[in-house]
Amino acid sequence: MNSFFLILLILFAGAGLSFVLGKISSIISGTVAFLSIAAASALFFTQIEMGSFIEFSLGGIQLQWGLNSYGYLFGIIVLGLGTLASLYSISYMQNKERTSGFYFNFVLVIAGMTGIIFANDFISFFIFWEIMTWASYLIIIYSGKNVKKIGIKYMIFSAIGAYSMLTAIVMIKGQYDTFLISDAINAGAFNFIDNIYIPILLLIGFGVKAATMPLHVWAPGAYNNAPTSFTVIFSGAMSKMGVLGMGLVLGHMFTADRSGSLTNFFSGFSVIYLQQTIGWLGGITAVIATLYALIQDDAKKLLAYSSIAQLGYITVGLATGTKLGVMAALFLAVVHGIFKGALFMVVGAVERQAGTTDMTKISGLIRKMPFTFLTALISIIALAGIPPLGGFVGKWMLYEALITESNSYFLVIVIFFSSTAAFLYSYRFLFGLFLGQEEKETEQVKEAPITMIIPMLVLAILLVITGAFPGLIFSPIATAMEFIGFKDVTWNMSVLNNVWGNEMNLTYLGITIGVVFVSIFAFITLKGLKGTRYVGTKDISTSGEIPYENENLTFQINFFQPFVRAAAPMYKRSMNKIWNELGNGLEALFNFTRKIYTGNGQTYALFVVIFLVLMLLFKDTLFV
Amino acid sequence: MVISPVHYIAVPLLAAFTIPLLSKYIHKELARIVPGIVLLYSVFVSIVLMMQVSEVGVISEKIAGWSAPWGINLMFTPFSGFLASLMSVVGFLIWLYSYNFKKIEQSQSQKYHILQMMMVTGAIGIVLTGDIFNLFVFMEITAITAYSLTSFYRERDGAEAGFKYLLIGSFASVMILLAVMILYTQLGTLNMAEIAQNAHLIPTPLRATILVLFLVGFGIEAEMFPLNGWAPDAYSQSPGPIGAAFAGIVVKAGVYALIRVIFTLFDIHGAYDFLIYGGLITMIIAETAAVAQTNLKRMLAYSSIGQMGFVLIAFGIGTKTAIIGALFLMFNHAVIKSLLFMSGSYLTYNSLNKKISALAGLGKKLPIVSLLFGLGAFAIVGLPPFSGFWSKLYVLTAAADQNMLLLIMAILAVSIIEIIYYFRVVSTLYYGKQEDEEIKVQKPSINAMVSMLILGATIIVVGVYPDIITHFLNNAADMLLDKASYIQAVLTQNIN
Amino acid sequence: MEDLGIKIIGALLTVILAFTVGMTYGGIVRKLTARVQNRRGPVIWQNFLDLLKLQSKKTNIAHGFMGHMAPVWIIISAGTVLMFIPILNGNLWFPNLTFHGDLIFLLYMMVFGSLGMALGAGQTGNPNSAIGVTRGLSQMVGFEIPFVLALVALMVQYKTTSIQDIMDIQAQTGTWMMFANPFAFLAALFASLGMFRYSPFDIVGAPAELASGPVSEFGGKYLGTMMSGGSIFAFIKLTLYVDLFMGGAGFGTGILATIMGLGILLLKTFSLYMVPVFYGWISPRYRTEQAIRYFWGWPTALGVIAVIWAIF
Amino acid sequence: MQNFEQYNSIITTGVYGSAIALILIGLYAVLIKKHLIKIVIGLSIIDAGVHLLFVAIGYIKGGTAPIFSPGNEDAVNKMVDPVPQALVLTAIVIGFAVTAVALSLVIRLYKHHNTARIDQIKSLKW
Amino acid sequence: MKKVLVLVLLVIVGYFLTDTFNLIPFGENRIGNPQDEQTVAGYYLNNTVEKTSVANTVTAIVVNYRGFDTLGEVTVLFLATTGLGSILFRRKEDEEEIERINKPSSSLMQTGSRVLFPLIALLGIYVFIHGHLTPGGGFQGGAIIATGFLLMLISYKNFKAGHTMLNWVESLAGITFVSIGLWGLLTGGTFLENVLPAGELNNLISGGVIPIIYIAVGFKVAAELTGVLDILLNIKPKK
């Protein structure tokens, strides 16, 4: 049996099996889900040859499944993160209700994403895309909270995206008579000059999943509402499917040979306009999401907004259209998958152990959950883009690309602003959950079980490794970029180099920092060990004064109040409001149209006669 | 005895006339069982004939020994045969579902089952007949059963819905009758093949008038806006399975008639545009009206109307792919809407009122029914891998081939609206806040469950492997477009 | 390998220089401020004395993991950043690591230390520490904008993201950046006011009324290490400004050239350092949001003009 | 001949005209009258008009009934068109059936709503 | 307002109807020469006598050429009765309250009806038995019989059309019709084929199955119409 079929069969069977077994026990169901995903991953990484494909026909349509280097890159994210997240789920979901439905949809989402990666034609691409979408919808509403508000919104936006994509797909079929992605590309479907609608419609479709600006409003709620072990996948891997699509379209668009079609002056510009538009949309997404992230009191929501912001960077990177920019974007995509996955796992662990993710209710968990904190710390450093971890490499390449290879100077400022403001919420996250005063309510909290710790630590270690050896990821990215049209992508194992050939050895840097760190830490710790006593968080001197028993020492509410006050104008307008008003207006309109059905049979009869008369009046023009 | 298309009609009629006697003098239960056997026989006939027709091409059946155009003939082509098979299968499933539907009182079940069986028979007759007046007669058979069944329940406002339906339906029959009349004066024949052959001889103004009368007349049956005032009421007030029958059988027959008139009888370009625009308006109005519905069945009704609008659009595009898509849509609509009505009627039956908000929490009490309803909802909005997706894909592909970008966008915009209201119901079902703790839940009977499960399985199987059905659709579309061979098949039968 | 030896010696020299200069400048400012406020003030080397005292103290209280980490982070990030700053351009004894894009690297690396301290302060459980941190971070978002605008203006103007390149360009053209793009310099200068956290932007530390800023829970070696780091950072910032806008310093590798270079570097850095100090003497304190608004006002406008200037 | 033309046109006007008038009267009743029974009557009148038209189109000037009786086997050339008559027969019966159902519905409606005015029976709308 | 709109609409509809029928001259011979068999009607006129031995061409068309229509039509009637039954269905417990709403009529009326009823019935039977020879047929005859029943129903308050009888007649007549149709099918021909010998023109027993079918139709129509009238007259009085 073909490995493509086998992998998907394993996943779908796993979904079904975990659904059935879920009626017996949540743990069994979760284990089945984990095993099926792990088996699929094992097959994926061992059995499939790059470049192999199979063809078959379904419903009279030629379909092709295969694995290319570009898909492989995302396959790493999806199946890697999927395996870890499903392992993590077992404990996370242990005591919840209706787990069978959860695991069923969980595995389905993974299967859908795997299918998207395999799809070499638009139809199977779309089918798996939709499977992924509705399965994720079911998980989002799984908790039963905010079903109407968030679930329906998610589905509406997903549908907008999916249907723009479908429009583009059938247009490609209409114009080039093919459903195969490679054929469409060769025929020039993504060449913006010849075809304005197809790329734009596709970009809208992918932009929704990548939570780009006007279409991002579903994301915070959806990320927050889903069970955390799924949000790992949702934010870490599923959003990357949007990136996958956008990269495919934009890559081919920017690398397309336009020499033949540069017939008039404006045609060249239109690409630049599109590029700038997308870039700015990404930039504004990043800023707005960051601003909203830092006012959140809920750790999970904070991360949700942060995800959107990070996706904004990725969008910007893709929109540069240069080798470095796209590479930065893809690198960020991978790294974001890792650190955001780890962070959501952290939140999930806290949620499971402490019962809530509301940062105003819990704090000071650092001593109770040390491993979780370690993961959080490393991931946050990566998220903030601080050297020497992986996040920095991506950010660095992004800035390099923006400053030296494109003309979007103000976009740099926007990105910079957002990434500076990101420090605020990064700190808020760590402080809110792990630092600060220890609360009475969290006294009994214990470290998360081992099945949750292992995936987290694996991801944390990966982040350190990618920081020192980004080449490990550059390697698949470089081959992937050749698939989307870039030629001669060069890379080094652990050296950042730019267009002038100057370079910085990250391994060297990382090891240096590491050695210095360890030695100084050891120095301080060892020297201080003797006679130093560890004190609780109540034992503070505040310059010699001892706080009263009941004095409020917790500082969690209105955390960044000064900043919010200063940036008040930026919080006034919100895309959410605009969409809501649009929705309300449409609903009123719909309510009006249905008044046509008055309920009076005679009126209906009158409609018939009026229609008849109209038809009779125009019969000679209509039916010649 | 050789299986022939006339069995579709003759056997149910014989049964219908016999049932009153059987149930009175032999056994009461026979009144319910015999229609089932008859419908099952129809399914059997369908299978046999569909197998034959793929070899022969067209099965033509003379009635009373007179060949066309002197007598009436039944034409079992891949196209009409497909629809007839679909109707017989759906008809049988509806019977299975309603075999001991709790709301139907024992003494009434005889009438109910006769009417339901005759509804299917009438619709099959419409599809099979080759004679325009005979089509009218069968349409009346279907209509009368539909009026009666719409107002079947006394507790509901069925009579009101039935009367509206009857009022508008009478208009339809008057117009069709007028059209047939004028047609007869011009060509002196009632055989559709002969009409199709000679339609170009009719003077243009008369031809246009005939066409207008046909379009409006059959448009009423096909639920075209603004002729569909009866439809939401009729769907929502009739018993649950009859709502399914409306969607799966009655309206299909109306659309068939419309398509037959436009494609075969008068091949006029304007009529195709009429279908597209009419379908589009129907779809938009109906789907938008569905959004704000609070009553589940009424919502399903509007959705059904919208789907029929979509079917009309697909036929209006008129290319082969579009027709395959349209037929696929009809198939999907029949299967999925039936499932939705069937499961929906259990859901509403178990809620305090028929309001959507009252369905909250039924997902737990009626897990399988709710699951099936959810499956239907997912399928009808066209989510892969369910069957609804493929039909949408075919139609959109066809539209894209014709460069109808705006049409595509309109269709998809409407699909988004569909998603909104269907998903609202599904999420209420599973996650809504329950108002009453203890409502005694009426579990579906085993036969109803079997019927719904068959439909659900069909949705998934066809969705995953559409080749099961595309072969038939392909032949049917070829047949519909190949007017000449239809005419030839009818008019040469007097040779053999 | 010979090179490496010289480099290691040079690195050590750099650290010593930065530490000494930073501490001394701090002492000078303390003295000057005292004089302006009509006080006697401490001696100029008071900071060294303080450090000595702190390092010799026994640490008695530890707040945990992050408490240990905070000083380490500061010193690491200070040291790492220092390695990338050209102290004396082209001088063998004060070498620096360089690569294209190190400017961006430095910007992020500088934050590393602050974040470490913030986390350390956070773990102490003292709410005032956290308040100070939020103020500091907020203010950072404020002044980063004009600062980054200025840097982007430079980067855009010469299409480079390397400090070394910018210095080389200044050396070649003979024009200091503060004249080549005066708006960028002004914007950066305004930003530096916030960066050094002297009045009116000293609400972060809030020395007068909070009584316990972010660092109040640290004592002994922790505080000492942090102080050293802070001094090095002060030197780093000054040198960075000088390198970027004022042509840097350095004439060659010879002894004389080294001493001259050092002298010029000290001159330039000291004069630059006096700007925020002077400004602080004459200004009352801003609240955080006022400070942010301040930075988002004229300085940002100047920065935008600088970028536009750079583009055309 | 002139005379005959005139006669013909009178007949045309008479037969067609009265049939069309019936249709229009029925339509008027259906669309304007509020009482359900009157609406049903209107439907019947429309039916009657259409049936009349149907029979009328089969008429041939000077034709005889299409019935062969001993001695007039040659009359086949003079016979009127039998098909419309056959069709009308069917149509009438169908019309009757529909009317019967309509009346029964009216009875139900009247019982249910206590009124027979169509504009007051609007519990199903929107 | 609505009235004006409706009137305008009616004028337009009327205009188009007249316009249309102006193009269809009244009394014109559109069937051509029957011997040419150009049209269906011509074929019928030319062949009926020869092929079916039925004098009344209309009957031949109704029962044989277009017998399928007739079957459908009978079905419509049957369904109307069934539908009526279901629409006006009464529960068992309400059965006692059923009362004919008409007042008892005068004795003149009652006596007249009693005298006329057999005659009317006789006439009806005559009409459908001779349906293939003379004008009239099953429908007409059935309708006449039903008129007789109507007369009785409105004259006698307590007159009951026997439901059992009606059911039997209805069903048997229908079964006869369909069975004859199936007989044709079973004997290797087509549905409703005239399987009996045609006989001689103008004989009572001629035209093969046509008279049999028409008699069945007559009984059926009579029964159905009576049933409809009976149901409609038996309305539960309002309390």
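Remarks
For reference, chains read A, B, C, D and E in written order, and residue numbers begin at 1 within each chain.
One rule holds for everything that comes next: a residue touches a chain if its C-beta (ideal position, glycine included) is under 8 Å from a C-beta of that chain, and two chains touch if they have at least 3 such contacts.
Since the model is a prediction, treat every value here as computed from it, not as a measurement.
Considering every other chain in turn, none proves to be in contact with both subunit A and subunit C. Chain pair with the most C-beta contact pairs: A-C. Farthest from subunit C, judged by the mean position of CA atoms in each chain, is E. Centre-to-centre spacing of subunit D and subunit E amounts to 16 Å, using the average Cα coordinate of each chain. Between the CA-based centres of subunit A and subunit E the separation comes to 73 Å, rounded to the whole angstrom. Measuring from the averaged C-alpha position of subunit B to that of subunit D gives a distance of 30 Å. Note: centroid distance subunit B to subunit C, computed from Cα atoms, is 79 Å.
Along subunit D, residues 23, 27, 30-31, 39, 53, 57, 83, 87, 90, 94, 97-98, 101, 105, 108, 121, 123-124, 126 each make contact with two or more other chains. Shared interface positions of subunit A, defined as residues touching 2 or more other chains, are 594, 597, 601-602, 605-606, 609-610, 612, 616. Counting partner chains per residue, subunit C shows two or more touched chains at no residue at all.
Chain pairs that touch one another: A-B, A-C, A-D, A-E, B-D, B-E, D-E. Considering their complex, residues 27, 30-31, 34, 39, 118-119, 121-126 of subunit D touch subunit A.
Those residues of subunit E that touch subunit D in the complex are listed here as 2-3, 6-7, 9-10, 13-14, 17-18, 21, 24-31, 33-35, 40-41, 44-46, 48-49, 55-58, 61-62, 66, 69-70, 72-73, 76-77, 79-80, 83-84, 87-88, 133-135, 137, 139, 201-202, 221, 225, 228, 231-232, 235-236, 238. Within the complex formed with subunit A, the residues of subunit E that make contact are 2, 5-6, 9, 12-13, 16.
Within the complex, the subunit A residues that touch subunit B are 57-60, 123, 126-127, 130-131, 133-134, 137, 141, 144, 147-148, 151-152, 155-156, 159-160, 163-164, 166-167, 170-171, 173-175, 197, 587, 589-591, 593-594, 596-597, 601-605, 607-612, 615-616, 619-624.
Residues 160, 163-164, 167-168, 171, 175, 204-205, 207-209, 211-213, 215-216, 220, 226-227, 229-230, 232, 266, 268-271, 273-274, 285, 288-289, 291-293, 302, 324, 378, 383-385, 389-390, 393, 396-397, 399-403, 405, 408-409, 412-413, 415-417, 419-420, 423-424, 427-428, 430-432, 465-467, 470, 474 of subunit B are the ones touching subunit A in the complex.
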